[in-house]
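Below are two complexes that have chain A in common, paired first with chain B and then with chain C.
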Partner chain A sequence: MNNIFPRVLLIITFISSAFVFCIFLLLAILCFDLFDSNIINNFFGMVWSVEEEKYGIILPFLGTLIISILSLIIAFIFSFCICSYIFLNKYKTINIFLEKSMLLMASVPTVIYAFAALFTFVPFISTYINGSSTLSILVASITLSLLLIPTMGLLFLNSFRTLSSKYENTCLHLGLSKEQFFYQFILKNSIPHMLSAVILAMARAVGDTMIVLMLAGNALSMPNSILDSARSLTSHIALIFANDYSSLSFKAIFLCAFLLLCSNFILILSIKYIQRKCNAI
Partner chain B sequence: MKKLLLILTLLTGSAFSSDLDAFKNIKDSLNIAGGTAHIKCEKEAIKNIMRTYPDISITIAGGGSGLGIKQVSSKMIDLANSGRTPSDAEIKKGDLKLYRFAIDGIGIVVNKNNPLSNLTTKQLQDIFSGKITNFKELGFKDSQINLYTRDESSATRKVFWKKALNKSKIISSARVVASNAAMKTIISKDKNAIGIISLGLVNEQIKLLNLNGVKPSVDSINDKSYKVARGLYLLSSGEPKPLAKAFIDYMRSNTGAKIVKKYGFIAVNE
Partner chain C sequence: MPYKYKVYKLIFAFFSFIAMSLVYILLGFILYKGFSFISFELIFSDTNAIDALLLKQRVFDGIFPAIIGTFMLIILALSFSLIFGFASGIYLSIYAKNSTKRIVNLCFELLASVPSILIGLFFLLLSIYLHDKFQANFMPSLLLASLALGILIMPYLVQNTRLSLDNIPKDIKQIGINLGLSPTQNLFKVLLPYCSKELLSGIFLSLGRACEDTAVIMLTGAVASAGIAASVFDRFEALPFYIYYLSTNYADEKELSQAFAASLILLFIALFLFLLTKIIQKKFRNYYGYN
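Presenting the complex of A and B:
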């Protein structure tokens, strides 16, 4: 029995990684036709317009980067503050409330966040902040950050607690206060874990479709400020999916998907790299 | 008196349900997808059918006319909703059969608190090409216009571009929403919005604009004074299966026509 379980796990892991690899391979093969010097130039331009036969996917790619980085910054600030507060706070009721709220946030489907923002946040922004911005990068990023707060926060908390359970007694007996213990020991030592949590959240932000599709406005022009509208790669795929299979605009989907998968792979590899470095230390 | 009432009820009941008789003895499921303007009235028809015949299951999804045409051509769905006539190449490729059951207008809409009530074709072209960006240029208070359009696979966008804009350019910074319903939601929330929508979805939450002084309505579409209109089609690839055929017939029956009219479309049967 003891031998079977790890083997089953190994097989399942193997099958799932084979699936991911197959998807990657499939996309690479589907994109292969496009790597013809005449066609590929079509895709790496700034203009997407089916009427003018221009299929540049640089703008959606930039849109993805801008929205996910902005949401990551917002989510990092909030999740870090919440976790530090939970760690340092003595009142158990508040801690339990905050932690359970984060768990609850993690279980809310993204479409619910998008809907709620559409009916509350969008009219608020247009009435009180700037009349010309309703569906915008700012709205999408703030809503997306709600999705990232629990992803990062729960991992932060986990790493704080693991370190603290090992070293808290020793450090406190050496004369450190709880705050000193947190700032000078826990924070310094949990940086690699926090970085991997950030990268995991980034992967989630890059891959999210519903929130950006409903809230970012999907305009295909270069945004001048965060109050302008932008389109992400994921919503671009969702919006051009209806084009004819044989058209270049449909083939652009494969390239978008390939880019998305590549960027996620790069992010995951960087997690591995950081973890390895951390273990070496 | 009671008997008379009973007979009357039975008579009207049987007259109402007669259009549903075609669904008798059918136990099947039907998948419809595509244009989003059709959904509201088809949903009511589906409710009538499934309430009377619980063995029948009909699902309906959006995605835009382009997606509908593509999916029905590859037999992923049984019927496609389309807000435009498919191109000759599309008809040939998917062996498409067209069934028109309604005519729908496409209206230009603004937030209900917006004082704007009329636009000329020239103004409309200038707004959608980005030459006019502020309500001040139209003679109203100084606030930036938030322009909303539909995605490229939408028939609403295609027909509007052809018949209202006379194929003039739509600026790339216009925000893009994925369905008629989403358009209604955002226009009702954004006080500086201008967008396009199927007339079937217009209600008191948003304000419909006159185009060149003509109010878009069933009458003005009928007498051809409002030209931005299109047929609503159901498409099948090859001959439709019995349930799909029954559904098409129901949408074009008298009961179907009543539903179609209720949602602000013009019923047709051809």
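Presenting the complex of A and C:
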């Protein structure tokens, strides 16, 4: 019994940790099949047209990039301000309210954000700002940023608090005010932690499906401004018609999926790299 | 310069206010619309509520099948991932060597970062492949969707199990061993009972994660109207997909109000599971007096 039990656990652990490689391998094999044939040129281009058999996956990739970076910027401003305010503010009720709200936001299903934004933000923006379509990159980015606030904010707050619990007494006794301590010590020293939190949020933004699918409009054309609609890799995968499995347009999905998976892995591995460097210092 | 710092703080307060108001506009809108529309008629259509709850009569045109579908889905997903999650977490915390620990942890972190739609796509491709090669009847169904969701929530369970075992104070970990228990006996007789509440909170956490995910079930068998699934090989309805479908394809006011009611219910399920997690964790920490 004493020997068998750990071995059974080892086998189960091995199986469950191998799932991620299964997903990676399946997508990689499907993509390498495409690289062998001479249809690969159909996929790398800016044009998507069924008649010409051109399925350019650059467009959804650009869509993903634009939406996730824009939402990352908005979410960074929001979460940084919320965390700094919690740290600097003296009134306990406001701090508890802000912190609990962030926790609450982490538990709200994404489809509800998207659904509510569809009936609040979308009419608001289309009445006050005239764009080419009602669904736009701007709406999707703002809503997506709400999703990212808890991901980033809770990590920011955590790193602020860890640093302050270690050094607050020392710095205050050296004659710094609480504000000086925050701006000159904590912010400078929590940059690596903040960077890894931002990258984590980026991974979350790239991987999110529902908000982009429901709010960004899914047009397969080059967006000219942030008021145009765009399609992301995830919503491109979500919009497949699952009845023509052998067609080229279905095979373009494999490339999209592989691109998405690789970019996510790179983001996560870079977080690991940053964290190791932090610990080394 | 205190003047400069005051301006900064005002800017922080301003943006915090904007962010909070955006969030509460969205949530308040759902609450307001949901509460003004929700009624027994929307949930059960024209079927008798008690008959529907006892599964005597089938409900066709209401939210009820979607609610039951969601519960079936998350419970099946949990039952698939429970053994894998707990076993891996226990192995990582108690038995694994440091090098193994690092590699396996990295695997689970990567798995947690895989976008949910890719997990759905993986299972869709798997079902197509199995169907083509072996003529297996493994088409999108409740079984496939709950397997996919099980994979999605597994990293959370692993992480939670590992952390709750790691956080047990060292003297409690050692006392059983010093009294002559083997590591496995120590695990079952001392450690698992000690952190059982923490493990329970992990289960609710992963249930909450499972009930909100839409992208996975979209590709693996959720449909807009199917009634309550009779077996695990049937297609099924689920709340998140129901909301998504109605938000893009609603025909009249009644369907829209159904979507609002469904999102109110989904919001409450998610919040309830989240609160349960937090309460259990807080009680546990107070009771055992750490943190």
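We adopt the following convention: the second predicted complex is superposed on the first by the 256 of 281 C-alpha atoms of A that agree within 3 Å, B and C clash if a C-alpha of one lies under 4 Å from a C-alpha of the other, contacts with A are read in each partner's own complex, and residues count from 1 in each chain.
Assume contacts are C-beta pairs under 8 Å (C-beta built on N, C-alpha and C of every residue); 3 or more make two chains touch, one makes a residue touch a chain.
It should be emphasised that the depicted structure is a prediction, and the values quoted were computed from it without experimental measurement.
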(request) Would you mind checking whether chain B and chain C clash or fit side by side on chain A after the superposition? (result) clash
(request) Using the superposition on chain A described above, determine whether A:I149 touches chain B (first), chain C (second), both, or neither. (result) second
(message) One more residue to check, A:I199. First (chain B), second (chain C), both or neither?
(response) neither
(message) Counting residues of chain A touched by each partner, does chain B or chain C come out ahead?
(response) C
(request) May I ask you to decide whether A:A238 touches chain B, chain C, both, or neither, giving the answer as first, second, both or neither? (result) both
(request) Quick one: classify A:L118 as touching chain B (first), chain C (second), both or neither. (result) both
(request) Go through the superposed model and pick first if A:L72 touches only chain B, second if only chain C, both, or neither. (result) neither
(message) So in the superposed three-chain picture, is A:M214 touching just chain B, just chain C, both, or none of them (first/second/both/neither)?
(response) both
(message) Quick check on the superposed pair: does A:V139 touch chain B, chain C, both, or neither? Answer first, second, both or neither.
(response) neither
(request) Going by the overlay, flag which of 223-231, 259-267 or 277-285 in chain C ends up clashing with chain B. (result) 223-231
(request) Show which residues of chain A both chain B and chain C reach, each in its own complex. (result) 118-119, 213-214, 238, 242, 245
(message) Per the contact definition, I'd like the list of chain A residues that touch chain B in the complex.
(response) 47-50, 118-119, 122-123, 126-127, 131-135, 213-214, 217-221, 228-229, 231, 238-245, 249
(request) Note which residues of chain B are touching chain A in the complex, please. (result) 63-67, 70, 90, 143-144, 146, 151-153, 171-178, 182, 185-186, 189-193
(request) Show which residues of chain C lie in contact with chain A when the two form their complex. (result) 2, 5, 8-9, 11-16, 18-20, 22-27, 29-30, 33, 83-85, 87-88, 90-92, 95-96, 104, 106-111, 113-119, 121-122, 124-126, 128, 151, 154, 158, 182-184, 208, 211-212, 214-215, 218-219, 240, 243-244, 247-248, 259, 263, 266-267, 270-271, 273-274, 278
(request) Spell out the part of chain A that touches chain C in their complex, as residue ranges. (result) 1-2, 5-6, 8-10, 12-13, 15-23, 26-27, 30, 77-79, 81-82, 84-85, 88-89, 98, 101, 103-120, 142-143, 146, 149, 177, 179, 183, 203, 206-210, 213-214, 234, 237-238, 242, 245, 253, 257, 260-261, 264-265, 267-268, 272
